[in-house]
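Chain naming follows the written order as A, B, C and D, and within any one chain the residues start at number 1.
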Amino acid sequence: MSGSGKLPNIATDAVLKQSVPIPDDFEKVQGMDFSQDYAYNSRATDLIASMRNMGFQASSVASACDIINEMNSWRGKFKDELPEHERGGEFDDEGRQKATIFMGFTSNLISSGLRETLRYLVQHKKVSAIVASAGGVEEDLIKCLAPTYMGDFALPGKSLRDQGLNRIGNLLVPNDNYCKFEEWIVPVLDKVLQEQEEAMEKLGKDGLNADSAAIWTPSKLIDRLGKEINDESSVLYWAHKNKIPIFCPAITDGSIGDMLFFHTFKASPQQLRLDIVADIRKINSMSMEASRAGMLILGGGLVKHHICNACLMRNGADWAVYINTGQEFDGSDAGARPDEAISWGKIKAEAKSVKVYADVTVVWPLIVAATFAAKRP
Amino acid sequence: MSGSGKLPNIATDAVLKQSVPIPDDFEKVQGMDFSQDYAYNSRATDLIASMRNMGFQASSVASACDIINEMNSWRGKFKDELPEHERGGEFDDEGRQKATIFMGFTSNLISSGLRETLRYLVQHKKVSAIVASAGGVEEDLIKCLAPTYMGDFALPGKSLRDQGLNRIGNLLVPNDNYCKFEEWIVPVLDKVLQEQEEAMEKLGKDGLNADSAAIWTPSKLIDRLGKEINDESSVLYWAHKNKIPIFCPAITDGSIGDMLFFHTFKASPQQLRLDIVADIRKINSMSMEASRAGMLILGGGLVKHHICNACLMRNGADWAVYINTGQEFDGSDAGARPDEAISWGKIKAEAKSVKVYADVTVVWPLIVAATFAAKRP
Amino acid sequence: MSGSGKLPNIATDAVLKQSVPIPDDFEKVQGMDFSQDYAYNSRATDLIASMRNMGFQASSVASACDIINEMNSWRGKFKDELPEHERGGEFDDEGRQKATIFMGFTSNLISSGLRETLRYLVQHKKVSAIVASAGGVEEDLIKCLAPTYMGDFALPGKSLRDQGLNRIGNLLVPNDNYCKFEEWIVPVLDKVLQEQEEAMEKLGKDGLNADSAAIWTPSKLIDRLGKEINDESSVLYWAHKNKIPIFCPAITDGSIGDMLFFHTFKASPQQLRLDIVADIRKINSMSMEASRAGMLILGGGLVKHHICNACLMRNGADWAVYINTGQEFDGSDAGARPDEAISWGKIKAEAKSVKVYADVTVVWPLIVAATFAAKRP
Amino acid sequence: MSGSGKLPNIATDAVLKQSVPIPDDFEKVQGMDFSQDYAYNSRATDLIASMRNMGFQASSVASACDIINEMNSWRGKFKDELPEHERGGEFDDEGRQKATIFMGFTSNLISSGLRETLRYLVQHKKVSAIVASAGGVEEDLIKCLAPTYMGDFALPGKSLRDQGLNRIGNLLVPNDNYCKFEEWIVPVLDKVLQEQEEAMEKLGKDGLNADSAAIWTPSKLIDRLGKEINDESSVLYWAHKNKIPIFCPAITDGSIGDMLFFHTFKASPQQLRLDIVADIRKINSMSMEASRAGMLILGGGLVKHHICNACLMRNGADWAVYINTGQEFDGSDAGARPDEAISWGKIKAEAKSVKVYADVTVVWPLIVAATFAAKRP
């Protein structure tokens, strides 16, 4: 064809196909307005506002902020207007219903400098319950004993092991921190075991009922650890103080597990027990009693699935924000979009939900600064 | 400059910099040899051989096969040559030490058609212990009751929920399957509770010792479920049959958790308990007793961390194969390379290890066909 | 709530929601059948068959094979049945219309051991046109002069630069290879320049018409390089031999660009020209003339967009297979699913298309072995 | 083992291994300080400061800001202190050497609301040269004619095509925009062709020398388009105004290519030519003349490779910031870390460099607000 001939209509028809008229409610893509002062060294709320119609994940970050503001500010009826059986759930200081917010985070976020931000949320009662992986519990405690340091993703493992430096991404945790943790936690475990055994001896005819003092669960142990650490820099401390349960069904999967393992030898033939059935009852009950439920899920794996599953018990969360780097193509739960959770009844079909595809450390400080921490409490 | 002048040396020096002589042991990149018959409709072992020096993840897949073949074929001493305290671990039919292989997989892999391949490995005792997430346990059982179907990643959640079809990536699980599961499991839970209560009543002066019949753990419950399902298509069935423990510390995080939760109301004031401390002791003990330890970790999250953590108890695994799509940039455990585990002492510095960056479904059938299933048993 | 009370209906209603009856055409998820001999050291076609209903990307790989088999085997009318103006496009040896297949690949795939597989496809005329990035052209030539070697993703850059070893993922290309390439290509560029200048002198009154010998385009230069290299291991050699054009609009973006840059100084005031307008006319014309069009796109970036854009000229490709690791969340073209191309008219709405989320090296050898190379030619 | 025995030393030795003393220069991981007012609705510079020791990609974002501030503020000698042949490169208003900054961006970023931010940088001469993909050029022009709208990643392609709405991630571009673009650009192409032909007729004995007016290159055409669009919202307008070249070797790979293709039929037998050799000479020359060179690469593919390749001509850039979502495991150039470029001599071994793993829209507004736009100009 080249060199002569006339252009077939097929190409121009395809390339120059006309559009339908654009509906009035279409929103134009638009970024920062540099004619305004706000654009310079912007404040978080102005940055977020400029990202709303920017497209791609900028828009998702802005949506996440909208959803968070909505779940944070929602208020229902006053407690005394409600029939007795609806008086579960969360209430604000004036006695009005507010949303029960489940926040999940993975271990690495506590290892990172997000710990301070997560603690802020717990300290100021911005969330109602937490689901964490084992490391998310113990690293919070360990940081009260000794710091974690900046490292590099490329530091070679053998040399680090020789030096007793454990790597988490571009962070380093000296192994001595775990030695200090062992020294701190063993007496606590001794006490807990003693209390378990004393309660066992007092067991009545009903045996190990749900609330028996002889039953320790991960959330009960975590609450106790938060009390014992008694350190205002700690997420667990504030969770204990503010009665915000921290669920961690696989609490044995990490350093606490190592310590519990060692402790079984030390305490033999006695042995501390951690029952996970009472905890699933507890988290599911919170979900069912909630007047509204919001999910803030930072990272994937168990912490994501566990909160979603709890929200199935109420036929779906009312708001959901996921932030992680998982992709759906491999069928992983981490990668599943909120729409997959809708198919399961874990998020309501009419709920507002968003997934932000990003490393949490990159977006969470900005999101919190523009929402929960937009004003000093 | 354009239009005249002479080329400065800096550019030619940079572009045409000379190399050092290439060492003799450098391997040339080379792909399929199409002069050979094997290249056509290749067998798995020939495909893998052609991938060894192909580069990128093709080479990683080939390395994974090498490592698997090595951990599978390693043999140590005869049992009766060993002192009494070293007679833990695994032995082959001739009484020689073999590697203890820990295999982990996430729930979605059991939902997928990999279940048949995973079952093959358990049926033929190719692995010594399993770590699974909750869905990895229950979906195996549920598939004995009703099938999972092919779907599409883009099916809309609301419409699926209206139809009672739950989506997992591009798979669909009818919600009726969970109803059938409830019918099947409730009588089992009733029996388990009864056994727990009977054992509690017989408790002697030592209380709830480690091996007390009154203590149920996730692995003990899973073993029982495998026995009760009594179906040769099941991974759990063969695990029970072959005494391969399946660890699942967060077994409450899924449908079994829902059923346990419901059961607490049905059974009240009695309540089934699941203790996770005895299980961490059990998996850690397997790791310490192993003469050699290999890790096959399919997917990320808890199943990856739990196996690695167990291998810390022996100061590191001797072989490690990770297959997942996680990336290290967000500091996630799923994304961590084997070299990060070396820094923690979870993999030995001198161990052979590889991470394959791929959806497991894409590579695992090929890998198994070229290694464990290279020959019909 | 814990400890007493009865389970609210909301939870059981949500968890035990009934499904609609399952339609008859739903396909069950099913993996390898280990009761069959084929499962052991499987052949490529059997592996693919077992992956079809496996879910996740296993199913996508199987779909890719189905689509490839369909585009490869499609036949239309005999040439002499067609009106004159429809006799463009591709025909098989018996004179029947066959699909025009556009294959795109990125540079790294030629650096890897996939080069042999890509060459096989070109040698045996399995594809009609190629779009490559600059490195995808030059690395094919350079491999005729000296090998690329296996390396490691973690080798440190500074030490490699000191040794003159260039890293591409886990591959190493000695910089001497580029020196050898310079020696080889400069005389070719000299000849090409001379031909350009001679043709310029003979220009008639019409000036630089479309097919003027004075006009060199990237595809014309690449064809010449394929002729000059005269090496049966080369993709370019076979493309020249089989008249399969290789399009590379940004051919200056790599070592050939470096050489052309140096050559402008050497040849000054003369200068070789490479016109890209004539090439866009050529590829678009191929698309418009094709009776059917298939796309095989390995990797992302320019090679993906360029083939899609060419297929817009025919109002959409009839088959499309994408294989890459890009994700849609960042709005990148690499990450866009085939469905995005449908919105643009680049793939027909009724076309069969699939995206496989995988490193190409992991799946392409298997896919080719199960399709194009299922039988020895 | 369970139930008795004593804990082997191997476990405690491995778990409680001691660390070396921590060097004084180790930096502690630390996040936002909520005792300070700055933490609330933070300004960009305070957010970035709090991210510096936060770990993972938060730290990478902070590093990117440090590197940008350094390349932006670096100053060398006064022009008149320099020998004649070193007076290339960039100078500030006071006549002091400053860094030549190459910025690359992919098409989708111009489609998104980042266009305003990119325009700001060009308008205020924060960068010296740009490399864009074809869409990055044309979408800037098209946005002067009609807006792009917010859409959704999940909108189905067939229905969009029926409506003439083209999807780019979660954005929509009405196809009418391309019709308007055609109306606008055809007269420009007519003029350009006329100028080309007039210059051809005047060709002297030297033929098509490097700077011949008869030679049009992509960068020359883009400069002309920027002049013709004459719209202050446009990146191209300001690039023209500020003499910042925009390189786009594959400018035919998009709508401009479609228009050039159509134009070859309209103008036949004449044809506009676009030579890419003169452009590679131009960008490489800028790199060699630069007193210092910095790279800001937003996205992957050609725009990344082209800037890196240009910097090889000077034996490496002095600063490099990559922001994209590519991963190294597949050997893609997009995924390659800066350290890979060091092996090639494209980044100096002693350069400061960072790769931020993020969708550009999520981090670039924050980065710009904390660096280039920390103060109103």
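Basically, a contact is a pair of C-beta atoms (placed from the backbone, for glycine too) under 8 Å apart; a residue touches a chain by one contact, two chains touch by 3 or more.
Quantities reported herein were computed from a predicted structural model and do not represent experimental measurements.
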Item to complete: Report which interface contains more C-beta contacts, comparing B-D against A-D.
Response: A-D
Worksheet item: Tell me which of C-D, B-C or A-C has the interface of A-B again, with more than half the contact pairs shared?
Response: C-D
Fill in: chain C and chain D, separation of their C-alpha mean positions in angstrom
25
Discussion item. Please tell me the distance, in whole Å, between the geometric centres of chain A and chain D computed from their C-alpha atoms.
Written reply: 34
Worksheet item: Which whole number of Å gives the spacing of the CA centres of chain B and chain D?
Response: 41
Fill in: Per-residue multi-chain contacts in chain A, two or more chains
4, 11, 15, 17, 55-57, 108, 111-112, 154, 156, 165, 168-171, 209-210, 258, 261, 268-269, 278, 281, 284, 312-313, 327, 329-331, 339, 345, 357, 359, 361
Discussion item. List the residues on chain C that touch chain A in their complex, please.
Written reply: 1-3, 8, 10-11, 13-15, 17, 55-57, 60, 88, 154, 156, 209-211, 278, 281-282, 284-285, 288-289, 312-316, 327, 329-331, 345, 357
Response to the item:
Within the complex, chain D is touched by chain C residues 106-108, 111-112, 133-135, 153, 155-158, 160-161, 165-171, 197, 200, 206-210, 215, 218, 249-254, 257-258, 260-261, 264, 268-281, 284, 299-302, 305-306, 309, 312-313, 324-336, 338-345, 347, 349, 359-361
Practice prompt. Going by the contact rule at the top, pick out the chain C residues touching chain B in the complex.
Written response: 3-7, 11-12, 15-20, 22, 26-34, 37, 39-45, 47, 50-51, 53-59, 61, 108, 111-117, 120, 147-150, 154, 161, 163-165, 168-172, 174-176, 178-179, 182, 255, 258, 261-262, 265-266, 268-269, 339, 356-359, 361-363, 365-366, 369-370, 373-376
